[in-house]
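In what follows, structures are represented as structure tokens.
There are two complexes below, and they share subunit A, which is joined by subunit B in the first and by subunit C in the second.
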Partner chain A sequence: MLSVLIWVPLVGAILISLLPDKPATSLARPVALTVALGLLVWTTVLGVQFDPGQPGMQFTEYLVWIETIGLNYHLGVDGLSLPLLCLNALLTVIAIWSSDRTILRPRFYYALILLLNVGVSGAFLAQDLLLFFLFYELELIPLYFLIIIWGGPQRGYAATKFLIYTAISGALILASFLGVVWLSGVSSFDYEPLRSQTLPLGAQTILLIGLLLGFGIKIPFFPLHTWLPDAHVEASTPVSVLLAGVLLKVGTYGLLRFGVGLFLDAWVYLAPWLAGWAAVSALYGASCAIAQQDMKKVVAYSSIAHMAFILLGASATTRLSLLATVCQMVSHGLISALLFLLVGVVAKKTGSRDVNYLRGLLNPEKGLPLIGSLMILGVMAGAGIPGMVGFVAEFLIFRGSFPIFPVQTLLCMVGTGLTAVYFLLMINRVFFGRLPVELANLPRVQWGDRLPSVALALLIIALGIQPNWLIRWSEPQIATLVTDYGQGKALRESLPIAAVLNAPNVPVAVPPSVLPVAPIEN
Partner chain B sequence: MVSTRKLGSSKHPLAEYVYRLESGNALLPDSPENVVEVVGILKSYGVVLDAYSRNLIYTSEHQFLVLFPFFKYFNGDVSWARLVRHWMHDRINFEYAEYCMRTMLWHGGGGLDGYLDSPEFTALARTVIQAKIKGNVLLQSLDRLFPDFLLEQVRQYTYYSGLGQFWRVMSDMFLSLSDRYDQGEIQSIPAVVQHILNGLVEAANQPITYHVKVDNQTYPIIPESAGLTFLSDTAVPYVEAVFFRGTPFPGTVSYNAQANQIPFDQSDFTYGALYADPLPIGGSGIPPTQLMQDMSHYLPEYLHEVYRRGLREEDDLRVKICQSFQKSMFCVTTAAILGLMPHPADTTNPEEQRANRTYLEKWMDRLVPSQLTVIQDS
Partner chain C sequence: MTQFLLQTIWWVPGYALLGAILTLPWSTGIVRRTGPRPAAYFNLFLTVLSFIHGSAAFILIWGQEPQQLVFHWLQAADLDLTLTLEISPVSLGAMEIVTAISLLAQLFALGYMEKDWALARFYSMMGFFEAALLAIALSDSLLLSYGLLEMLTLSTYFLVGFWYAQPLVVTAARDAFLTKRVGDILLFMGLVALSSYGAGLNFSELADWSETYPLSPLTSALLGLALIAGPTGKCAQFPLNLWLDEAMEGPNPASIMRNSIVVSAGAYVLIKLQPVFTLSPISSDALIIIGSVTAIGTSLMAIAQIDIKRAISHTTSAYLGLVFIAVGLGQVDIALMLLFTHAIAKALMFMSVGSIISTVSDQNMGEMGGLWSRMPATTMAFVVGAASLVVILPLGTFWTVQRWVSGLWQVSPWLFAILLFVNATTAFGFTRVFRLVFLGEPQLKTRRAPEVAWQMALPMVTLTVMTLLSPVVPLRWSLWLSTTTPLANGDTLLIRLALPLLVLSGGVGVVLGATTQLRRGGWVRPTQVSFRFVQDLLAYDFYIERLYDLTVVSAVSVLSRVTAWFDRFIVDGFVNLVGLAAVMGGEGLKYSSSGRSQSYVLTILVGIGLLFLLAMGWTMNWSLL
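And now, the complex of A and B:
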């Protein structure tokens, strides 16, 4: 079942690239859209058949590939990867739908989008470290071409920077993967056997730092983030949607799956520093966003701030905070995709993203009233206003992390507060006030432009009102991610939470779900 | 045509428009596009004014001193089907007509305003009030407690009637303009202005009267003997109140009264139709939006087609209507200015020319902050 998610878009990409020259312009898009819709339906079928109560991987597929190097074609899906697969399928449809109908070299473009989908799906499904790495690297190639061919004026610089950063990221991840396999003495890169390795804490820490830096570049965290604003600014809207919506999630997914999953002891050991890193990254991203004059850069820096919350939740390693990281990944995927889509529409209609130039776009007759209203909704969701999925994710993260890392959590909460500051500054400048004469004759927004944004907005509200639709897939399964291996028990006793929970006056407000998954022994 | 060389150049910032008027031309440039816009919009305005006029007169005559006139917008035709259509907003926005009426009442001016403060009016109004409240304990009590309340209500009904009669004339004038355009008789902006000017002159001395029937007996409130006439007692105050002064209605522009952003003196108000910024049209609760909405239902096809060809097609229909409406109002203003000019525009007498120049420059003083320069290029 899972192979369909990899091979169908791959075949689709090949098919599109082989389309004859003449009708390519008219056929590439419908073919790509059909494939993407088919994948969305197939992912939905997977979701329906998925049993959230059953721990561990489901629908696994195993095939020995290159035995000599221990590489196996091993796929599986669990509560961590399923929501991200759904997100990938949905955003691929939206990205194809939002692509310019008159785009140059359509065969290559749509083939690359489907290849990107292959890379991301493969990374989420791979249960073999080397296989994950292959897919992780695979997605780099289409994204590089998507930026450098269809990007803005500085696309060469942005694409090359992205390539260099991601290549370093890949090298660090590969080094950590090779290190864990060699040091553990296992014969394959299979994920599950590697989880029971008992490497010394020092070795684990070194390998984890490699992963943290590798995935930290991809996510990205401060100060490894500098490629992201450039890439977003130069990328076209559909590519930005995919980049913010799912590609960054490959980094956070890798951090949870491999950082927490393989090196739990070292993770717990480094957790206070990681939480501090999250707080610094969140505040830095938010502060930079306040200073930006380009709408796309505001959203890009907000991504840096919001992705840091995932690190905070992961570093707390409580059942609730880990569940919250999954929510935050989906929530950020939906919200950032919505915001990038809307910024794209604004740029397409006005020819600018400059907050100092744009004004009064909420004008009901001459402006972009629906786009402006959706932008306000997206901004509210990003700022964690109740009733939308952003609130659910951020509340769960802060609720789950606060008992463990109160100071870092409070600092991240300040970052959330700053979200309202930079987004409202942007909204106030761009959408309120009197529409200037030079913007008074904007082309009308077609329903085709509005539809993806409306769909995302509805989903953001639906998951905000009924968060159970989101967490039910992950809640029973997330615990298995941090099943205690190695020296975790002893290490956890050194954490602040141990003192809190062992004290006679343990606050009753802390539900059992907040406790670290592994029991703390006195 | 007046020789400006003989008179010397005007130093006024809007001197260009002074010369235009002196030479008998209009404030709006003459172009085929402007003719289509102005005539088309005045046709739809004529249809809407007809409805407004009927309702204002109906209210003044049949809802007289009805304290809770729930069905005043129904013109006596109350049925479930009509009520449902009303609730579904499939109707004319008569609220806009009342907004204009209240604006006129508030700004006053002209003979009608003076008459309403005269003892003659008070005596007539008192008579009809006594007839109306006879046997009505509630109204009698109200009249006793607040003796001026019903009197003030009658003043307002008088304005209902006055504006209704004014718009009756204007509606017919605009519809006949449209008919003449359809027959090929109107082909330029000066011809439009001349048609309006002729209409105003023709109706100038038409008497404005107001009678109310109570218990099958007719009571005069403005008898013909009051000497109120169309041009000086309704048209001029209307132009002053609605075209020039207006009211700083919430929603159109943000005003901070505490920061003295609203002039202390009513006569300094510049919130009328000639000053309105068309772009904010469409915000909730703005009266001009109601007018644009009403006009949008009655656009002639040739004008609707012009609007549809725009970049935003029908998305900014009401803004386009507002812009065209503003152009047409500058034509009406031109007609009013030319009609009230102290001497004929083509006079050769230097003294008369000087008087005309002074008169026109005074008008231009008022038009400096208006949309006059904006409509030249749009």
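And now, the complex of A and C:
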């Protein structure tokens, strides 16, 4: 069942690139859209058949691939990857839908988008370290071409920068993976057996730092982030949607799956530093965003700030905070996708993304009133206004992390407050005020341009009002991520985090389940 | 039937929200054929519906035990978040006031906004606004109330920014949102902390929790301050008071709501949180200090304004300051009563001001005069509203303050001094406004000033009658949480003299206001330097805004610019330098054309491939071992 998610888009991509020359311009898009919609339906079917009550991997597929190096074709899905798979399928449809109809070299373009989908799905599904790595690397090739061929004027610089960064990231991750297999003496790269490894804390820490840097580039965290604003600015709208919506999530997914999953002891050991890193990254991203003049850059820096919350939640490793990280991934995926789509429409209609040039776009007759209204909604969702999914995710993250890291959590909350500042400054400049004469004859926005944004907006509100729809998939399963193996428990209790928990400022009457899962797993 | 009406009480905010949602096609301009009117009528109809439902429920719940409606909103890991609605005489009474004022304000808007092309959008936003307010009245959960306060912040942003093409409106909407957001974020921090300390988030649970729960003094002080911050922003208290003044750029019917019931919503949450403030003396002291500073400061600001709306809106902050003091002293029923009398009288004053603005098309009091004979109903409304806010005649505030100073509580001299001062300055300010607007010779703009049309006159006259009757309400429906002793029982000299002294202070204010020299014809400043300095100081709100510009705003702006510079030239610069040195060997990355960069790609891919092979080699060696 899961193989469908990998092989169908792959076959689709090959099919599209083999389309005959003449009708290619008209056929490539419908074919790609059909494939993507099919994948969305299939993911939904998976979601319906998925049993949230049963912990562990489901729908697993296992096939020995290259025995000599211990590489297996092992797929599976659990509560951590399922929401992300859905997000990937949805945003691929939206990206294809919102691609320019008259795009150059359509066959290559749509084939690459589907290929990107393959890479991301594969990474979310892989239950083998090496397989994950292969998909992780696979996904960067189409993205590189998508930026360098269909990008803005500085695309060469941005794409090369992206490629170099991500290649280094890949190398670090591979090194860590090799290290853990090599040191723990297991015969394959299979994920589950590796979880019971009992490496000494020092080795774990070194390997974990490799992973942290590797995924930290991908997510990205300060100071490894500078490829992201460049890539976003140069990438076309659908590519930005995919990049912010899904590709960054591969990094956080990897951090949770492999960082927390494999090296829990070292993770808990480093956790205070990680939470501090999250706070710095959140504040830094927010502070940079305030000064940006390009709408896309504002949204890009806001991504940096919001992705840092995931690190905060992950570092606390309470059941609630880990669950919240999944929410935040989905929420950020939806909200940033919406914002990039809308910025794309604005840029398409006005030819500019400069906040100093654009003005008064809310004008009901000659401006972009509906796009402006949706933008305000998206911005408010990003700022964590209740009633939308951003609030749920942020509340759960902060609530989950506060008992463990109060100071870092409060700093991150300041970051949330700053979100309102930079987004509001942007909205006020671009959409409020009087529409200048040179912008007075904007082309009308077609319903085709509005549809994906409206759909995302409705989803953001629906999940914000009824968050159980988002949480029920992951809730019982996420706990298995921090299940203890081996020496973990005793070690963890001797760590600083245990001291924090016993400190007087943490109340005695906290219900036991508020404490991190690790100490109570027995 | 009774149970049905009570169990479905959540429909009451639902009606308003439904109106807002269903009229979206009109307000976003998708439906144009019918014009915006159907949307307005539909929203009005739904408000009538919620008024009827609310009133019926209020009559039914009277004398009954409070009930609760519990919604399980979110269950995640160990966290079970419920949203609770309280059905009690107090909450339904609060809702009754909200529906009544909101209904009158929306009817008023039909006249006031008649010629506005965005009437439908206005009504949608009012529906949204009203829904949040109604739900706050019902809410018994801090989480729900927090969410609703944020909804209020958002709808204030929308409503203040309603005429978004005007430059002053743009800054006003931004400042309103950001100022309130500062308070909200701090409240959010308090909420997260409370929830983490194991407190249930329902107000009743919080009350129990705060009696038993030991927290370190520092933590409980910080917690209290964080929880105070939200209402401080919402009620326009110092240091988050300036947004209300600026928000007067928005349409007037929204100002009616904002100055009466929206500020009250913040204070209502504060009243419900009062048990938590008993945890630490610092939080109750903070409440009293914030309240006192605001009450004194803003009542002074009010007397120097030339904009009629701003002159009245500053007194809103002042009265809410008194409410803060009452909550800080633990006198919640006095706070509730102050809110009630203030809300009704202030709504009436803003209706009167709205009538003036819509007739004169101006907000500058220097250009008005002589309106009393031309607009009698408006004049009447202004006089009644002002008189029931000031302690002179036996109207609303008179009775409330009488209970305050003759109640069971010992009134300390400083509080009494503040009351005297606020009363005198407010009386002075209102008299000044009255003279400028209604008395004197008619000016250019007020010469042809007919009384407003029935859509505005009807709600205004109705509210005038309601304001006159409002002192009776506490007698008929004593919702207050404890009984008060009659005036005669006061045993100290201060208390026996208190009320006469207050009346005297009001009288002094009126006399001073009636005799002071007025300056008409625009913004004329006094010639005496000291006088001019004082007037400027007050008229520019003690230069607080400029102070903020110089401190907070510029600090954030400089910080962000420094960070952005650091990001661009240090972090990114370092990366580019490394890239330059290592990868390019002298050629700048920036200058690479797409043709050349493909060779870099190739290099990198080959590199990764080699690494991979190497890895496989390692593993193979190892697995063969």
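Note that the second predicted complex is superposed on the first by the 493 of 522 C-alpha atoms of A that agree within 3 Å, B and C clash if a C-alpha of one lies under 4 Å from a C-alpha of the other, contacts with A are read in each partner's own complex, and residues count from 1 in each chain.
The working rule: a contact is a pair of C-beta atoms (placed from the backbone, for glycine too) under 8 Å apart; a residue touches a chain by one contact, two chains touch by 3 or more.
All values reported here derive from a predicted model rather than from experimental measurement.
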Figure out whether A:W182 sits in contact with subunit B (first) or subunit C (second), or with both, or with neither. second
In the overlay, answer first, second, both or neither for which of subunit B and subunit C A:P364 touches. both
Determine, for the superposed model, which of the two partners subunit B and subunit C contacts more residues of subunit A. C
In the overlaid three-chain picture, which partner chain does A:R434 touch, first (subunit B) or second (subunit C), both, or neither? both
With both complexes overlaid on chain A, does A:R444 touch subunit B (first), subunit C (second), both or neither? first
Check: subunit A residues flagged as touching subunit B and also subunit C 360, 363-364, 434-435
The subunit C residues in contact with subunit A across the complex are 28-30, 73-79, 117-118, 146-148, 150-151, 153-154, 161, 164-165, 167, 169-170, 173-174, 177-178, 181-182, 185, 188-189, 192-193, 195-198, 213, 215-216, 219, 556-557, 559-561, 563-564, 567, 571-572, 575, 579, 583, 589-590, 592-594, 597, 600-601, 604-605, 607-608, 611-612, 615-616, 618-620, 622-623
Applying the document's contact rule, which stretches of subunit B touch subunit A when the two form their complex? 277, 279-283, 310-313, 315-319
For the complex, give me every residue of subunit A touching subunit B. 360, 363-366, 434-435, 440-444
Interface with subunit C, subunit A side, in the complex: residues 68-70, 137, 141, 144, 148, 155-157, 159-161, 163-164, 167, 170-171, 174, 178, 181-182, 187, 222-223, 225-226, 284, 287-292, 318-320, 323-324, 360, 362-364, 369-370, 373, 380, 383, 385-387, 391-392, 395-396, 398-400, 402-403, 406, 409-410, 413-414, 416-417, 420-421, 424-425, 428, 431-435, 467-468, 471, 475, 479, 504-505, 507, 509-511, 513-514
